[in-house]
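In what follows, chain A forms one complex with chain B and a second complex with chain C.
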Partner chain A sequence: MTLLRSLAARIAGSLLLLVVVPAITFFVQGIAPANVAKGVLGLDATDQMIADFNHRLGLDQPIVLRYLHWLGRAVTGDLGASYTNGQAVQLILAPRLGVSLSLIIGALLVFTIVGIVIGVLSATQGRLVGRLLDVVSTVGIAVPNFWLAVILVVAFAVAIPIFPATGYVFFSDSPPLFFLSLVLPVVALAFAGITAVAKQTRDQMLLAIQSPWARTLRANGAAESSIIYKHALRNAAAPVITVIGTIFVGSLSGSVVVENIFVLPGLGSQSLASALQADLPVVQGIAVYFTIIVVVVNVLIDIATTILNPRVREP
Partner chain B sequence: MLRDYLRRPLGVVAGAFLLLVVLAVIGAPLIAPYDQLKMDLGHALSLPTRAHPFGTDRLGRDVLSRLLWGGRVSLGGLAEALSVAFAIGVVLGLVSGYVGRLVDNVISRSTEVLMATPGIVVLLMVYGISNNNSHWGMVALGVLCSPSVTRVTRTAARAVREEVFIASAEVLGMARPLIILRHVLPNVCGPIIVNTAVLGAVILGIQGGLNYINLGVNPPAASWGGMVSDAQRVLSQQPWLMVPSGATLTLTIMALMLVADGLRDAAASNRSRPPRSRAPALRPAVDAGATPAEPRAALSVRGLSVAIGGLEVVRNVAFDVGDAQTLGIVGESGCGKTVTASAVLGQLGAGFVTEGEVMFGGVDLNHAGSKARAATRGTGIAYVSQDPMVALDPCFTVMSQLGELVGRHDRLRGAMRRERVLELLRQVGLPDPADTAARFPHQLSGGMAQRVSIACALAGRPRVLIADEPTTALDVTIQGEILDLLRLLQKETGMAVVLITHDLGVVADLCDRVAVMYAGEIVELGEVGGIFERPAHPYTRALLASNPIASRRGAPLPVIAGTVPSPADWPVGCHFAARCPYRIAACNERPVPLETMVEAALHQVRCIRAGDLEAVTGGEVTA
Partner chain C sequence: MFAPVLPPRRGILAASVATAALLLLAPVLSTAAAAATLTVAATAGPTGLDPTTSSNGVPSVWFPNLSYAALIWRAPDGTAKPGLATDWKYSDDRLSFVMNLRSGVKFSDGSPMTAQDVVNWLKHYKEKGSFTAWLANVSDISATGPLQVTLKLSTADPMLPYGLDQGGMAGDVVGPAGLAKPESLGSTTNGAGPYMIDTANTILNSQYVYVKNPYYWDPSAQHWDKVVIKIISDGNSILSALKTGQVQVAEGAATEADAAEAAGLKIYSAPSAMLGMYIGDIDGKIVPALKDVRVRQALNYAIDRKGIVTSLYGKYGRPTDQFVPEGIGGYLKSLEDFYPYDPAKAKQLLADAGFPNGFQFTLVEQPAVSSGDLMAQAMVANWQDIGVNVTLKPTDSFATYVPLMGTQKYPATTLTFNYSVQLTDTQQLVTKPALYNYMGYLDQKANDLASAQRKQDIASPEGTAAAEASETYMVQGGFLTPVVSVDALLFASKDVDGLQFTTYPWSDPTNWKPAK
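The block that comes next holds the complex of A and B.
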C-alpha cells in the first residue's frame, strides 16, 4: 500500500510538469509581444500591421486569458494553429514525433547499455582502466556534440562511406536503411551520456564494493564475482537510473542540434525553424510533446527506482 | 586551499590556459591581427601561414582574429548566463538552506520542476520572441541552469547552519539576514566556486550548440559555435577549419572541468590532509619475548606490521589464540585494533603494506596466494563487524544473503539450503527464523541484525571468529545478550574468538587472554585474570582505573589525560611516554621491546619500568 502511495505521489509530481512547463513557455511569450509580430511579419512591419496581426490572433488579450484559452483547447488535443501558414500544430508535429522518438530512444539505449558496461569494466578491471575512463570522460563531456557530429560525418559518411551523411529513412520504407540512417545521429547524441553513465556506474559500484556489508560478505566466504555482479550491481542500479533520467532530459536539448545537423525531419528541426520565424504556437506545441516524453520517462524511472529500493517497497 | 590547488599540475595547467584564453579574448581589440570581418577573397581557405596563424575562412577572414572576437560573444554570454544562474541560485539556496521548513519546501519543489523541464523549448521560445537576441537567450539559460547552484548552496548552507557558531549568533540575537551575509555566505563559497567551474563547462557546451544552429548569433559577427557551423559549410574544401573552433571550445570546456576537479580535490584534501610521511623510526629488530609461531594455536600472528604510504600504523604485533579460547584486543580508538583485524583477514585496501606472518592451519596467509586466502574465508576465519545495520546488503533478504553463503560452504540448494539457513538462525537465538529470513536488513532491529551477522559468520563453521567491536553499536541491554550468545556459540562449536573491543568489562566477561594495544603496538599481553589483578603497563593501569566499574563510588572518574598520538607523531621511544605519570628520561631514548615478565611466562609487557613499578606501587591500580 505504501508502495502504491509513494509511487502515486511521485507520478502526481511528474504530471504536474504537464501543466507547469507549458505555462512557463507560455508566459515567456508575454514578455515581448511586439517582437512576435515583427518576427512573423518582418522587421519593417508598420505599427498598423502589427496591431492588426495581434488583434487577429488575440495577442492583444491579457496573457492569463490567452493561457487559459490555450489550455482549454490543449486538453482536447487542439494545440492551436501556426502563425505562418495557419496549419493545425498537432498536424505539423504528429508525423515528426516518431522521428524524434527513434533518435532519442536510440540514444537512451546506447548511453545506458554502453555506459553501464564501461562503468562495470572500469570498476572491476583495476586502476588503469579506471584512469583511462577518467581521461576519456573528461574529453567525452568536453567535446561539443555538434562538433563531434560533423567529425563523425566526415569519418564515417565521407571518408569511409558506411552511413548516410544526412537524412532519415522511415522504418516502414526500409528497416535496414532506417537503422543505418540513425547510427551517426544516435552516436553523436549519446556520446556525452555514455561517459556520464559510465562514471556514475563506476563510482556507485566502487562505493558498494568497499562498503561494510561487502567486507562482511567477503570475509565470510562470498565469491568476489557475486559481490561485484550480484550485490554491487544491484546496489548501484537505483542511483545509476536516476542519472540516466537526468541525462535523458538533457538529450532532448541535444536532439534539436543533432536533428539539424543530420537533417532529420523531427520535432527538433521543426522547433528551430519555427523559433527563428517566431511561430510560437508550433514551439509551444513542441514544448508539450517534449514534456510528455519527459513525464513518461520520469514515471518509468520512478517506478523502477521504487521497485529497486526495498526500503520503499517493503517498509 | 589555494596552496593545495597549486600542487596539482593538471589543475595549474588548466587554470593557466583558462586565464590565457580570457585575457586574450578581453584584449582582442589590441592583439587581434585583423578585423574579424575583413574579407580577403584572394586568400580564402588558407591553411595556417605566417600572416594567418590559424588560416583563413571561406571569405578570407583571419581565423585567429575571429576566434578572439568570437570569444567575446561566447565568453561574454557565458558570463551573463553564469551571473544570472548565481544571482538566483545563491539567493534561493541560502534562503532555502538556512530558513528551512515551508520556504525550503517551496523552493525545493520549484527547483525540481525546473530541473525536469526540457530547457531547450524555453530557450527556443525566448529566441523566438526576442528576434534571436543573444542576451535574452543567455539570461534564460542562466535561469534554467540556476537549480544546480540552488542545490549546491542549499546543501552547503544546511551544513553550516548546524555549526555551533551559527547557533551562538542566533542566541546573541543577530538578525537572520545578517547571519546569512556574515557567517553562512563565506562558508558556502567553496562548494559554490567548484560549481561555477562545472556549470561554466556545461553552459559553454550548450551555448556552442545554440550558436552552431544560429541561435543567439548575428552573422557575420563570429562566435565559437558559429565558426564550427561556418567551417562545416566548406568541409570538403578545407577540413582544417574544423580544428581551431572545435579545439578552442573543447579545450576551454575541458580546462573548466579540470579546474573544477582540482578545486574539489584541493578542498577535500584540506579537510582530510594525508599524514605526513616520515622516515621510518628506529625499530627493534626482534622483541626479546618473540617466539616462533605456535603450531598448536588456531591462529598465530607474528611480527605483523602494517604501513600506508610508508607510514607504519601497526607495528610488530604478535599473538596466539587457541581453539575454544578467546583473545581480547583492547585499547582506545586509533590504537590500530581494527587495522590489525583487517590485516589478519587480508582485507586492507590498496596502498596498505602488511608484513609478518599470519599462521593459520600451517599456512602463512599473509604470504600465501589469494586462492589459499580465499579458501579460508568463512570456513577457516570468519568475521563479525562493528555496526550490524550496515553489515548486511540492504537490497537482499536475510534468506538470500545467508543462503548464498550456505550455498558456497555446504554446496546446498533448494529446500536443503533453506533448512540450513533456518538452522543457523535458530542457532543464533532468533525466535522466529522463518520470519527473520524473509526480512530485508532495514526491517531488523540492531540486535536481530547482529545475530544475523553472526549467523553469516557461522555459516562456514569457522575455526576462528574475529569480532570487531560486536556490541559497540547496540543498546546496553542487547550488548549482554550478544556477548552471552558468543560465549554459548563458542562452547557449542569450540571455535577460537578474537574479540576487538575498547570495553574492559567485555574483556573481563568473555576473554581468556587479552592484548592491550596502544598507538599501533601491543603493550601488554597475558591472561585476563593476571592482568586485571596485576597490570604491569602504566597504560593498562590507566585503562583499568578509568573503567567506571573499577572506580570508587563518589570519587570522580579518573581519565587518561591527553590523546593517542597519530602514527605520524609516534615518538622513537615508548609511545605512551607523553601520557605516562611514571615516565623517566630513558623512556624516550629508544624503542621499548615487549618483554616477558619474569614470574609469569605468558605475561608480556612493553615497559622499561615494569619491574620497578611493581615495587613502587605494589601493583595497585592507580591512574
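The block that comes next holds the complex of A and C.
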C-alpha cells in the first residue's frame, strides 16, 4: 500500500506539472515581442490585413482568455492549428513524435546498457580500467554533442561511408535503413550519458563491494561473482536509475541540436523552426508533448526505484 | 548471475556479420533516391505553401515555383516568356494591361483554368498578398474574353510583368478550389505548375515532396518524377549530404564554397543582393543629424568596404555603393567607388554639418543578413573612428524584427535587398509609400524620379536612363549605406544540369534537369 500511495502522490504531482509547464510556455510566448501577423503576412501587410488575421486567430483577445480557450480545447485533445500553415498541431507533430522518441529512447538504451556494463567492468576489473574511465568521463562531459555529431558524420558518413550523413527513414519504409539512419544521431546524443552512467555505476558498485555486508557475505563463503552481480549490482541500481532519469530529461534538449545536425524531422527541429516563426500553437504543442514524456519517465523511474529500494517499499 | 549474452567467438561472428551488413547497405543508402528524383537542400522552409503569403528570394520562391505556374515566365536570361499568359501588352496610354491566356490549362485537381479564375486570383492577391504593391496601381481587374484578362491602371506602371512572373508571386494563379478554402493552401497546393505537393510524404518544415501534376500542359518540362526539398539549416550538414549523394542541389554559402569545390561539387553563382544599412530616419525625427545629407555621406565615406568584403565575403562579394549590380539597368560605372574609404573626409563632412564631435544612434540588425553580425560590427568600428557611436540591436527572427521596426523608435537597420530591377529599389526604399520606408518620410524628388521611371518600359533606353537618374540621386543623397554586393550560390552534383542563373530571375528548380 505504501508503494501505491507513493506512486499515486507522484502521479498527482506529475499531472500538476502537465498544467504548469504549458501555462508557463504560453504566457512567456505571449509577452514576447514577436508579431505573428507581420511575420506571416510580410512587410507589405496593411493594418486591415493584420487586424483580420489577428481576429481570425483570436490574437486580439486578452492573453488570459486566449490561454483559457487553449486549455479548454487542449483537455479534449485539440491543440489548435498552426498560425503559419493552418494545419492541426496534432497532425504536424504526429509523424515527428515517433522520430524524436526513436532518437531519445535509442539514446536511453545505449547510454544505460553501455554505461552500466562499463561501470561494472571498471569496478571489478581493477584500477587501470577505473582510471581510464575517469579520463573518458571527463572527455564525455566536456565534448559537446554538436561537435561530436559533426565528427561522426565526417568519419562515418563521408570518409568511411557506412552510415547516412543526414536524414531519417521511417521503420515502416525500411527497418534496416531505419536503424542505420539512427546510429550516428543516437551515438552523438548518448555519448555524454554513457560516461556519466558508467561513472555513477562504478562509484556505487565500489561502495557496495566494500560495504560491511559484502564482507560478511565473503566471510560466509559467498562466491565473488554472486556478491558482485546479485547483491552489489542491485544495491547500486537505485541511484544509477535516478541518474539515468536525469540524463534522459537532459537529452531532450540535446535532441534539438542533434535533430538539426542530422536533419531528423523530429519535435526538436520543429520547435526551433516554429519558435523562429512565432508559431505559438506548435511550440505550445511541443511543450505539452515534451512534458508528457518527462512525466512518464519520472513515474517509471519512481516505480523502478521504489521496487529496488526496500526502505521505500516496506511500511 | 551476470554473464555475457554470447560467448566471445559467437560475439565476434555477430559483429562481423553486422559490419558486413552495414557495408553492404551503405551503397543502398547513398543511392536510395532514384534517378528520377531530384533532392534539393534549402536552408529554411516556407511559412506555408500558399503563394498569397509566400516570401520572395531564395529559397522561398522554390516552393511556389514547383507547383504554381506564373502568368509570365521569366527565362534564366531575364527575358519574359509565355507562362499561363501567352502574350500581353500595355495600351498606348499605358493605363491598361491586356493578357491572353493559354488554352487547355488545368489546375492540379483537374479543373480547367478560365479567365474568371485568373481575375479572382488577382483580386485575392491584391487584397491579401504579401507583395500587394505589385498591384497597387491596378484599379480594375476583369475578364474581357473567355481567355483574356484586362488590368486597368490608375497610373502607369511598367513593373506588372515583374509582379506577374515566377519571382513576383502575384502571377501564381491558385485554382478555384484553393481560393474557396484558403486555409487549406498552407499545407496543400492547387496550382497549374509542373508539380504538386504530396501531402502524405511531406513533413512541413523538414521535407517537402512534390510529384508530377498529371494535368500540366507541357509534360516535356516535367524533368523529374519527384522533387524533394529537404530543410537543412546547418551548413556542415548540407555539405555532408551533398558529398554523400543524399542531395543533388543545395543553397550554397560563400563560407563553404572552398570546401564544396574541394569535394568536386559544381558551384554556380550570380550577384543576388545588396547588403548594408537602410536609414529610415531621413527626416531626423529620432536622430536629427541623419537629416543632413553631409552626415549620411560621411557615414558612407567612413566604411572600409574593401576590408569588410575581403574578410567576410571573399570572392563571392564585391564592395558596392550602388543599389543594382552591373548588367541591370540603372547601374553606372561612374558611381563605382563613389564613396572611397576616407575617414578624414568623413570627419570633415561631419564638422561641416555641425557635428564635429560626432553623434550616436541605434542600428537594428535585420535577421538573415549573410554574416550580418560581423558586417554590422565592422561598420560600427568604422563609424567609431569618425566619432559616431552606434549601438547594435540584434533581432532573432522576422517575427520579432518587423514589429520592432514598426514602433518607429529606431532610425536605421541593416538590410539584405534582393536585386531585381532598379525601379524596385526606388519604389521600395526611398519613395512614400514604400515597403522599407517604415518612418514614412517623403522625398519629393525621389517620388518624382520614380514616377518618371514608371512612364517607360523597363528595358527601353528611356527606361534605363530614368533608372540611372534614380540610382544617381539615391547614391549621392546617401539614403542608404550600401556595403557589399553578394552572390547567391548553388552547390550541385554533376548529375544535374540547367542550374545556371543570373541576378534575376532567381534560381528556379523547374529549370533543373538530369545531366545527359
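The rule we apply is simple: the second predicted complex is superposed on the first by the 285 of 315 C-alpha atoms of A that agree within 3 Å, B and C clash if a C-alpha of one lies under 4 Å from a C-alpha of the other, contacts with A are read in each partner's own complex, and residues count from 1 in each chain.
Keep this in mind: a contact is a pair of C-beta atoms (placed from the backbone, for glycine too) under 8 Å apart; a residue touches a chain by one contact, two chains touch by 3 or more.
Everything quoted here is computed from the prediction, not taken from an experiment.
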Contacts of A:Ala45 with chain B and chain C, given as first, second, both or neither: second
Winner by number of chain A residues touched, once chain B and chain C are compared: B
Touching partner for A:Gln87 - first (chain B), second (chain C), both, neither: second
Which superposed partner A:Thr291 touches (first chain B, second chain C, both, neither): first
Touching partner for A:Ile228 - first (chain B), second (chain C), both, neither: second
Chain B versus chain C as contact partner of A:Gly77, first or second or both or neither: neither
Which superposed partner A:Pro62 touches (first chain B, second chain C, both, neither): neither
Which superposed partner A:Gln29 touches (first chain B, second chain C, both, neither): first
Overlap of the chain B and chain C footprints on chain A, listed as residue numbers: 32-33, 35-36, 38-39, 43, 150, 154, 158, 226, 230, 260, 272, 274-278
Chain A-touching residues of chain C, taken from the complex the two chains share: 1-2, 21-23, 25-26, 28-30, 32, 44-45, 47-50, 53, 55, 127-133, 183-187, 203-207, 230-234, 236-237, 240-241, 243-244, 246, 396-400, 402-404, 406, 435-436
Chain B - residues contacting chain A, complex: 112-113, 115-132, 140, 201, 205-206, 208-209, 212-215, 225, 228-229, 231-232, 235-236, 239, 242, 245-246, 249-251, 253-254, 257-258, 261, 345, 347, 349-350, 374, 377-379, 381-387, 390-396, 401, 404-405, 408-409, 440, 442-443, 453, 456-457, 459-460, 466
Residues of chain A touching chain B in the complex: 13-14, 16-17, 20-21, 24-25, 28-29, 31-33, 35-36, 38-39, 43, 127, 138-139, 141-147, 150-151, 154, 158, 210-224, 226, 230-231, 234-235, 246, 249, 252-254, 256-257, 260, 271-272, 274-280, 283-284, 286-287, 290-291, 293-294, 298, 308, 310-311, 314-315
Complex interface listing, chain A residues touching chain C: 32-36, 38-46, 49, 82, 84-87, 92, 95-96, 120, 150, 153-154, 157-158, 161-167, 169, 176-177, 180-181, 225-226, 228-230, 233, 260-263, 265, 269-270, 272-278
